[in-house]
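Both complexes shown next keep chain A, but they swap its partner, so chain B is in the first and chain C is in the second.
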Partner chain A sequence: MATCYKSIHPVKYYRDFLAKGVRPDGRDMQKFRPVSINVDSIKTAEGSAIVKIGNTVVVCGIKAELAAPKAEEPNFGYLVPNVELPPLCSPRFCPGPPSDLAQVSSNFIAETLTSSGCVDLKDLCIAPEHLAWVLHCDLICLDHDGSLWDACVIALVAALRTVKLPHVSYDVEAETTVVSPEKRNKLQVHNTPVATTFAIFDDEILLTDPTNEEESLSSGVMTIVVQGGQLCSVHKPGGSPLTESQLQECINGAMKRAEYINKLVNMTLESLGT
Partner chain B sequence: MDRTATLTKKETSGHESQLGLDTKADRLTDHVKTGVVSQAKGSAYIEQSNTKVVCSVFDPREIPRKSGYSVNGELYCEFKFAPFSCIQWRSHQPDAFEKECSLILRRSLEPAVCRHEFPNFQVDVYALVLENDGSALAAAITCAALALADASVPMYDLVVAATLGVHGDKKFMDPTVEEESLCNILPPDGRSRNHGIITAAFSPAHQQMSEFAQSGAMDIDCATSSIQLLREACESIYLLSQQCLLKGVTKMLKKKQKEIKLDLSSDRIAC
Partner chain C sequence: MVIREHTAPGFNRPAENFGNHVISQKTMNEFYTIIDIRHNVTLQHPVALLRSDFEFCFDAVCVQRDTAVVTAVFGPAEVKPQRILIDKASVEALYRPKTGLPRVHDKMRETLIRNTCSTALLVTLHPRTSISIIVQEMQDSGGLLACAVNAACLALINSGIAMKFLVAAVSCMIDHEDNILIDPNSKQLKGSKASLTFVFDSIKKNIMACHTTGRFTQLQYEESLLKCRNGSDKIFSFYREIVRKVHQEHDRMSPTCRT
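So, the complex of A and B:
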């Protein structure tokens, strides 16, 4: 009975639930789904993390390569984030070139990285003008059930914090590179941004940490990135307008979440013994 | 910390190659699980030592850009390495090797699927290797068959696969990446020219082999004895796969019973 009603009129089905102050999965409006993190589980990568928010799963693997820095920025290394939404993660995606959402996500993650300054690109330079690290940060979604960007940012930051780069010395005169994989240095991560997604249902109800279903039925989605008690970015692509107080409410929620997530990531990394 | 892990692994693999035939029965499928991707119709995850493969299957859909009628449904298979899964960083574009693996995956699964049950439709099968420590293709085939079964696609039998590396008179069951690259080169002593990697897929219920993919060169005796070894190895994986499916079904039945109870009570409230 309930399943029929849901498939015939999904919006009304949600409205009935929300009128009682509860969501169909049993959460109230401000409740987050459980988060679990696993770090350094992929040995072929220099750093890795798997993050699960409810059903949403994102894997981040970081591979390091050596390359010459750009001529206009001789002191900087490269940090190349890429979000992949393979057809494996949801029936919404087809095989072929990256979807629009994947490209928008990659761009969002790249902007978050640069604006939060969580990695100083100067740290990635080995010999100015000659040699620098390229960190390929590949984020792959294994299961897309909403709040994708939240999972991406947590996975990326956690993975960056596990990165250990081998010691490299470069002789400018002889143009030789010596890599010593036994000596490894931890990458300095200066800031830990955390993203939180909200969905706006029926122009007024705010749903925290929405599932895929809630995202597709809602009239707008907003992602807030905060770091260390500061607002880093607010991404609200169109959708229904929000009042100032609603926005403030979201920011407060995001701040609290960031504290919790950072604690969780710290605990996971400590348990690794690094 | 991870350094020591790889070091010890290297030592053990070196030790095993001295033994000649290494019987790492424990390495075969350490961990199998179905129903890992919530958005997919069916999915499975396999861990074989460090090799990690996830696979998902979706509802049948009409074959795109097809004008004629096809009596048998089609399988669309995609095999992919994650960019960080190998020693070298991989580009996002599928390369020739991945395309070849996709084809092998399709050929090994097709004989086991009742394709006449969904004419004019295709079932999508996607396999993603998160970490490659050798035998990734065999793991993907086993994983994909489990995902198909989990998606309730009609099948004659499961498909299980295993890989064997041959280097001279040594055979490596379920080779690691280092062993695979060793098997790709000609043995130096010149006594035996046998070298290569064999991946074979079996349907044990029918005692049939659905796919045999071999690289390198070896004499016929070596190939036949290898098939025998692979068949025996697949038997043990088959048992594990069956157990895993059984677990999945019991879990689902329990969940359904609960749902029926809930649904009945909610109907009563509605009345």
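So, the complex of A and C:
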């Protein structure tokens, strides 16, 4: 009966639940879904992590490559994030070129990386003007069930913190590169940004950590990236208007979540013995 | 019908106006200048993307200081079967950069404009149709996203498609001395710690959309929000002014049609 009702009038179905202060999956409005993190899961990559938020699963793999730095930025390496949303993760996506959402997500992740300054690109430079590291951060979504960006940011930061780059010496005169894979250095990660997504249902109810269903039924989504008590990004791409107090509520929620997530990531990395 | 507003070019604005957090009525004309608002003009570049059987085309050119954007609105018109929505119009935004093909960060702008406009429009009045908003960047000297949103709103006003409210976007930046500057130019943006763009609705001045880069504290965020909100009042009154002028011109040209 309930499933029938839900498929005929999904918004009303949600409204009935929310009127009682509970969501159909049993959470209240401010409750997050359980998060699980697994680091260093892919041995062929320089760094990797798998993050699960509820049913949303994102795998991050970081591959390193050597290249010449850009002429206008001779002291900088490269960090290239890419979000992939294969048809596997949700029926919304078709095979073919990256969807709009995948492109917007890649752009968001790239902006978050630069805003937070979590990796200093100067650290990736080996010999100015000659040689620098390129870190390809591939984020692949295995199951898209809402709050994709939260999972992406956690996975990316956790993966970056496991990156160990081989020692490289470059002889400028002879233009020779010597890579010693047995001698590895950890990549310096200066900051740990954490993203939190909120959905706005019926123009006024704020749903923390929404599922895919909640996101598609809601009238707007907002993502806040927090890093060490500061805001890195407040991204609200349209949707229903929010008042200042609602925004404040979201920021406070995001701050609390950041502490919890950082603790979790630290614990996971410690258990790895690094 | 062409209305031309010749106001003092923005680059003549005295430097002390920056950092002045309240924009005075006097500087408003310099702050937001519209040069052209007209009907049924064929745009060469963006229109080439679309089929020619569209019935309506309305456009607006929005110039904010040196940042210029042209927008065209088509619709409500026929929609592709895969985009059809049975209970509302499908709103799409196309963003064309000045040179080259649209890139990844242009998709972000597209999404923001599309979501903002589809919330502002009464989409349920036109089910099974499409409303396309084409934004062509002409020149970027800071605050491009804000200019694009304002241009889109002007084009929508001009199109006469029913809206719930108007939207106005204001950009600001935080410099290394923690000063907040409203509507910075690209030169000033180079020395910025963070830049923020807010979109407000015209009813309660709530936050429709927000995009930020760089790091800032919660206090700075709230302060810039407040300053941008004050700035948005000027844009809303400017919209009113423009519409009044267009109607005046219309009445002058066809006095018999006056109601």
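Throughout what follows, the second predicted complex is superposed on the first by the 274 of 274 C-alpha atoms of A that agree within 3 Å, B and C clash if a C-alpha of one lies under 4 Å from a C-alpha of the other, contacts with A are read in each partner's own complex, and residues count from 1 in each chain.
Going forward, a contact is a pair of C-beta atoms (placed from the backbone, for glycine too) under 8 Å apart; a residue touches a chain by one contact, two chains touch by 3 or more.
The shown structure was predicted, so the numbers you read here are calculated from the model rather than taken from an experiment.
Contact with neither chain B nor chain C is seen for A:N262 once the two complexes are overlaid on the shared chain. With both structures placed on the common chain, the touch criterion links A:S115 to chain C but leaves chain B unconnected. Using the contact criterion defined above for the overlaid structures, shared-chain residue A:G239 touches chain C, although it does not reach chain B. Looking at the shared chain after the overlay, A:D100 reaches chain C, while chain B stays out of its contact range.
Shared-chain residue A:A45: touches chain B; no touch with chain C. In the superposition on chain A, A:T177 makes contact with neither chain B nor chain C. Once the two complexes are laid over each other on the shared chain, residue contacts for A:Q227 go to chain C alone; chain B is not touched.
Residues of chain A touching chain C in their complex: 100, 103-104, 106-108, 110-111, 114-117, 219-220, 222, 227, 229-244, 247-248, 251.
Across the interface of their complex, chain A is touched by residues 104-105, 107-108, 110-119, 194, 196, 199-201, 204, 206-218, 221-222, 225 of chain C.
Per the touch definition, chain A reaches chain B in the complex via residues 1-3, 40, 42-45, 48, 55, 57, 59, 61-63, 65, 82, 84, 86-91, 95, 98, 136, 138, 140, 142-145, 181-182, 184, 212, 272-274.
Within the complex, the chain B residues that touch chain A are 1-3, 5-6, 36-40, 50, 52, 54-56, 58-59, 76, 78, 80, 82-87, 89, 92, 124, 126-128, 130-133, 263, 266-267, 270.
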